[in-house]
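Sharing a structure here in structure tokens format.
For clarity, chains are labelled A, B, C, D and E in written order, and residue numbers in each chain start from 1.
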Amino acid sequence: MIAPLSSFEIEALTLSLRVASAALLGVIVPAAALGWVLARKRFAGKWLVEAMINLPLVLPPVVVGLVLLTVFGARGPVGRALEAMFGVTLAFHWTGAAVAAAVMALPLVVRPLRLAFEAIDPHLEQAAATLGAPPWQVFVRVSLPLAMPGLVSGALLGFARAFGEFGATITFAGAISGETQTLPVAIYIALQRAGGEGAAFRLAILSIVISVVALFVTEAINRRLLERRR
Amino acid sequence: MSGLDFRVRARRDDFELDVQVQAASSTLAIVGRSGAGKTTLLQALAGLAPRAEVRLAVDGRAVVDTATRLDPPAHARGVGYVFQDGRLFPHLSVGANVAFGARYAAAPMSTAEALALVDLAGFEDRRPRSLSGGEARRAALARALLPRPRLLLLDEPFTGLDDERRARLTGNLQRLRDETGVPLILVSHDARDVEQLTDHVVELRDGRVV
Amino acid sequence: AERPPLTVFAAASLSDALGEIGRAWEDETGQAVRFSFAASGSVARQIEAGAPADAVVLADRPWMDRLSDAGRIERDSRIDLLRNRLVVIARADAPDMGDPLSALAEGQGRVAIGDPDSVPAGAYAREWLQGRGLWETLQPRLATATDVRAVRTFVQRGEAPLGIVYRSDAEGTPDLRVLLEPPAAEQPDIVYPAALTPKGAAAARPFLEYLRGPRAGQIFRAHGFEPVAAP
Amino acid sequence: MIAPLSSFEIEALTLSLRVASAALLGVIVPAAALGWVLARKRFAGKWLVEAMINLPLVLPPVVVGLVLLTVFGARGPVGRALEAMFGVTLAFHWTGAAVAAAVMALPLVVRPLRLAFEAIDPHLEQAAATLGAPPWQVFVRVSLPLAMPGLVSGALLGFARAFGEFGATITFAGAISGETQTLPVAIYIALQRAGGEGAAFRLAILSIVISVVALFVTEAINRRLLERRR
Amino acid sequence: MSGLDFRVRARRDDFELDVQVQAASSTLAIVGRSGAGKTTLLQALAGLAPRAEVRLAVDGRAVVDTATRLDPPAHARGVGYVFQDGRLFPHLSVGANVAFGARYAAAPMSTAEALALVDLAGFEDRRPRSLSGGEARRAALARALLPRPRLLLLDEPFTGLDDERRARLTGNLQRLRDETGVPLILVSHDARDVEQLTDHVVELRDGRVV
């Protein structure tokens, strides 16, 4: 059990880290914007935006993968455009796994951010305005820093979900060893083999270790943020 | 032509404010009982009351006239505001709080200068939460002074301070006013401050001038 | 007196055929049958963990061997229920190619197959490709999937021009067509085993017999399976 | 597409609603307690508690299902005890599907609650204490109402996840029609069938409708909560 | 034996408080410059400063003595506290705020009674956010009065009020004190309040009595 990692395991691990990090990076800025808009604005299609964001949570991941395939696949409208314009292919590519993970993670990143923005005392933003800060600066210098705990929470949930995602990934990106075979996919595959329990167990432990590390990091950041305000 | 000239109409649910003031002086005190509408008035002038009707001219220059669409948002009015309830940014040090407006101002004071005006020299690195009530209020005053606004609104800036310090602060503010000629509107219940800092007193009751 | 319903755990690829057979059985006997479908590996683990099944049908032998070794099935009840065949599929609008795999080996694009290590259909596809001497060439161009459904989807959506699945998986999908069915000599020995659990040893025996009967055989065949004749 | 629902679809829908509601009900009180403890207390095993709560997010759902099967299954230690003592069987029973959904939803419910508790001004709790309220009363009358937006957010995320869960459910509870075949499981099985897309599509639409309803309800509650404070 | 007798030692990072007071009177004023430690002292007495060393006897009865483990938590001290910064519960109406302590008190006032004492009759259904600064402060005072605590700590309860209302409130409080004999400790900068409500004045500077 404490045997060194096989090259296959290392491959799955680094791929998973890459996929989850890319997903989180890609998702965090739009999520912050969405969280802010949902917390502060009222507009006609708000419920639709909310519904779109949360769909990946309600639908089985396999269905999300199918939708992605229909839209971003080689014959899908967006997929075709991406291919033609940038020569980018998502399906069977680690970037595709990252897109799937990002979509699945999005609702989990947006919610805590929205909650954090809603909790901000609007008086503080008013104070910033009377000091001359235009709205964008108020957002960057006051709202966003005050929403930091939400950002951290959202990032943790999002990273964890991206790291653990499996249903949408296999459907959209396949299970190609070294390219799209993330840790969870590898675990699933091992479990489908009679006698694959040992391998699955080792991979699961790897997942757990990563998640514990991510937790530690977030806890440390969180504690700092809270202490600053006390 | 020096002076303050404004008309403000604003509603907060049941409460209605309708105030017109024309003062030759550019330093003005607003007095009145608790709930008379003083804070509501200042908020409308600062651009923080979205549906208020406001006309404001400072020293003959029109700053706001919502009827003609001259309605700059709060951040573009150049109106400084010391809130009745502090409102320091909890995520920033005292120094960063005070320096907040520096980058939007044409000729801001230095942080040290502003802190000295309120007797808080050396408090730069303190966290807002660690301040006493009076210290926090003074830090908020310094923060509003630093950008040298073209009009300064002060909502009870000296409450909870001992007489000695109060006198020092009003003295500092008086000097600042005399040197820079910044117009100011002060809400206060203390006759001494009112007398020392302003030339014209307006009393509000139930949202009207009496 | 009404007999209590039977519970059958089975490989997911059988859901259509078994559903129909179940309804036929109910019509004939008045006894209800409930099914629980999942990947063969999952079904086998559930049986190991004490699932309340009366009978099991899996898509490959090793898992059934394991259940047998663990004593979770009635050994004497085990039968080979069905056979299946590999086919090469493409989209319905794909042009004919004489030998699609050779054409592919020279051209470009991917071949979708089940993951050979975990999906039975994938393992058989590898066996067949190795026999044809194409495995080495095609390996970098494989689109591996974790179940046959995904293989089918990849072909349907045009992600991979070709896929290798069981004939039963190609049946009933109008947007797919079978380009090639390898000759019997090249076909691997694909078997679906079935067995009774100790719980269902008595009660479910007639149903297992029924699965081997003419009515069930007809339905299985309609879905692309080949019933194994009773010895 | 607008044809009336078949009895099979209605069955899957009501089952899913029952499972998700039971999961949410079962999870909400422990989640509130955990959220509060994590926000307010420091103790030795805190990281372990955090790690346990978040595991279902990081591990592939199938693994979570297997763990549940091992522990709560008819042959598992807890499962055997439950059976012997209370005659309760979880595995392959709708209650088992609810347990699986609850476990998967837990991290999503705890996080927003924790965030909301952390955002409460401790001065308000102190004020309640000086008015004579013992800690439990402070929690019920001040902390919990102030954390309401977090509770609502957590409940939404949790319900959605519970409603959409599939990997852990199918592994732990099986896919027994009328008993454990929830909407997502039914969608999965429909997709396994050659030509099952149409059926899957109808079921997916059903899922989406439910999630939109859930969103509307939460939005309405949320708006009320926020307006009260303005 | 009537009177207030306490010793408090507390730290807030760099700031150290060490205060000993023995007063025959049971109404006491604490004065001192901003930052002298007045709020820190009240918090320790109320049980809100976890690591403070506190000994407190009211009218001869020991209420707190951290050295002997007589250290009831805040909710069990029967010490009422009007905070310097209001702290109304934002999720409750004004009426519910004021009535908050009723169920823990032996003989609480009615909500109407408490609101009348602070001139806020009819404000029951208002939201805290809709109150003016002075109204909020008065509501907080009513909330602390309602449970009839055995010791009342008042941290600048009258700031920001006009003279007339201030006089009315101190008058009400004076009557309450005379009727019920509730001991109180008042932090204030206003000589008039101090004189009217208390018999003994303690001045703090840098955390010590001077």
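FYI, contacts are C-beta pairs under 8 Å (C-beta built on N, C-alpha and C of every residue); 3 or more make two chains touch, one makes a residue touch a chain.
Keep in mind that what you see is a predicted model, and the values were worked out from it rather than measured.
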{"item": "Path length in steps (a step moves to a chain that is touched) from chain C to chain D", "value": "1"}
{"item": "For chain B and chain E, chains touching each", "value": "none"}
{"item": "Best-connected chain pair, where connection means C-beta pairs in contact", "value": "A-D"}
{"item": "Relative to chain D, chain with the most remote C-alpha centre", "value": "B"}
{"item": "Farthest chain (mean CA position) relative to chain A", "value": "E"}
{"item": "Inter-chain centre distance, chain B versus chain D - centres from mean C-alpha coordinates, in Å", "value": "50"}
{"item": "Where chain A and chain C are represented by their mean Cα positions, the distance between them in whole Å", "value": "35"}
{"item": "Averaged-CA centre spacing for the pair chain E and chain C, given as whole angstrom", "value": "79"}
{"item": "Whole-Å separation of chain centres (CA-atom averages), chain A against chain E", "value": "50"}
{"item": "Residues of chain D engaged with two or more neighbouring chains", "value": "62, 66, 188, 191"}
{"item": "In chain E, residues with contacts to at least two other chains", "value": "85"}
{"item": "Residue numbers of chain C (touch at least two other chains)", "value": "42, 45"}
{"item": "Chain-chain contacts as defined at top", "value": "A-B, A-C, A-D, B-E, C-D, D-E"}
{"item": "Complex interface listing, chain C residues touching chain D", "value": "7, 9, 12-13, 15-16, 34-38, 42, 45-46, 49-52, 147-149, 152, 168-174"}
{"item": "Parts of chain D lying in touch with chain E, wherever the complex brings them together", "value": "121, 123-124, 126-135, 137-138, 141-142, 145-146, 148, 228-230"}
{"item": "Residues of chain D that touch chain C when the two form their complex", "value": "62, 66, 69-70, 73-76, 79, 91-92, 170-171, 174-181, 188-189, 191-196"}
{"item": "Residues of chain E that touch chain B when the two form their complex", "value": "12-13, 31-35, 38-39, 84-86, 130, 132-135, 138, 155-156, 159-166, 189"}
{"item": "Residues of chain D defined as touching chain A within the complex", "value": "46-47, 50-51, 54-55, 57-63, 66, 107-108, 111-112, 114-116, 118-119, 149-150, 153, 156-157, 160-161, 163-164, 166-167, 184-185, 187-188, 191, 200, 204, 207-208, 210-212, 215-216, 219, 226"}
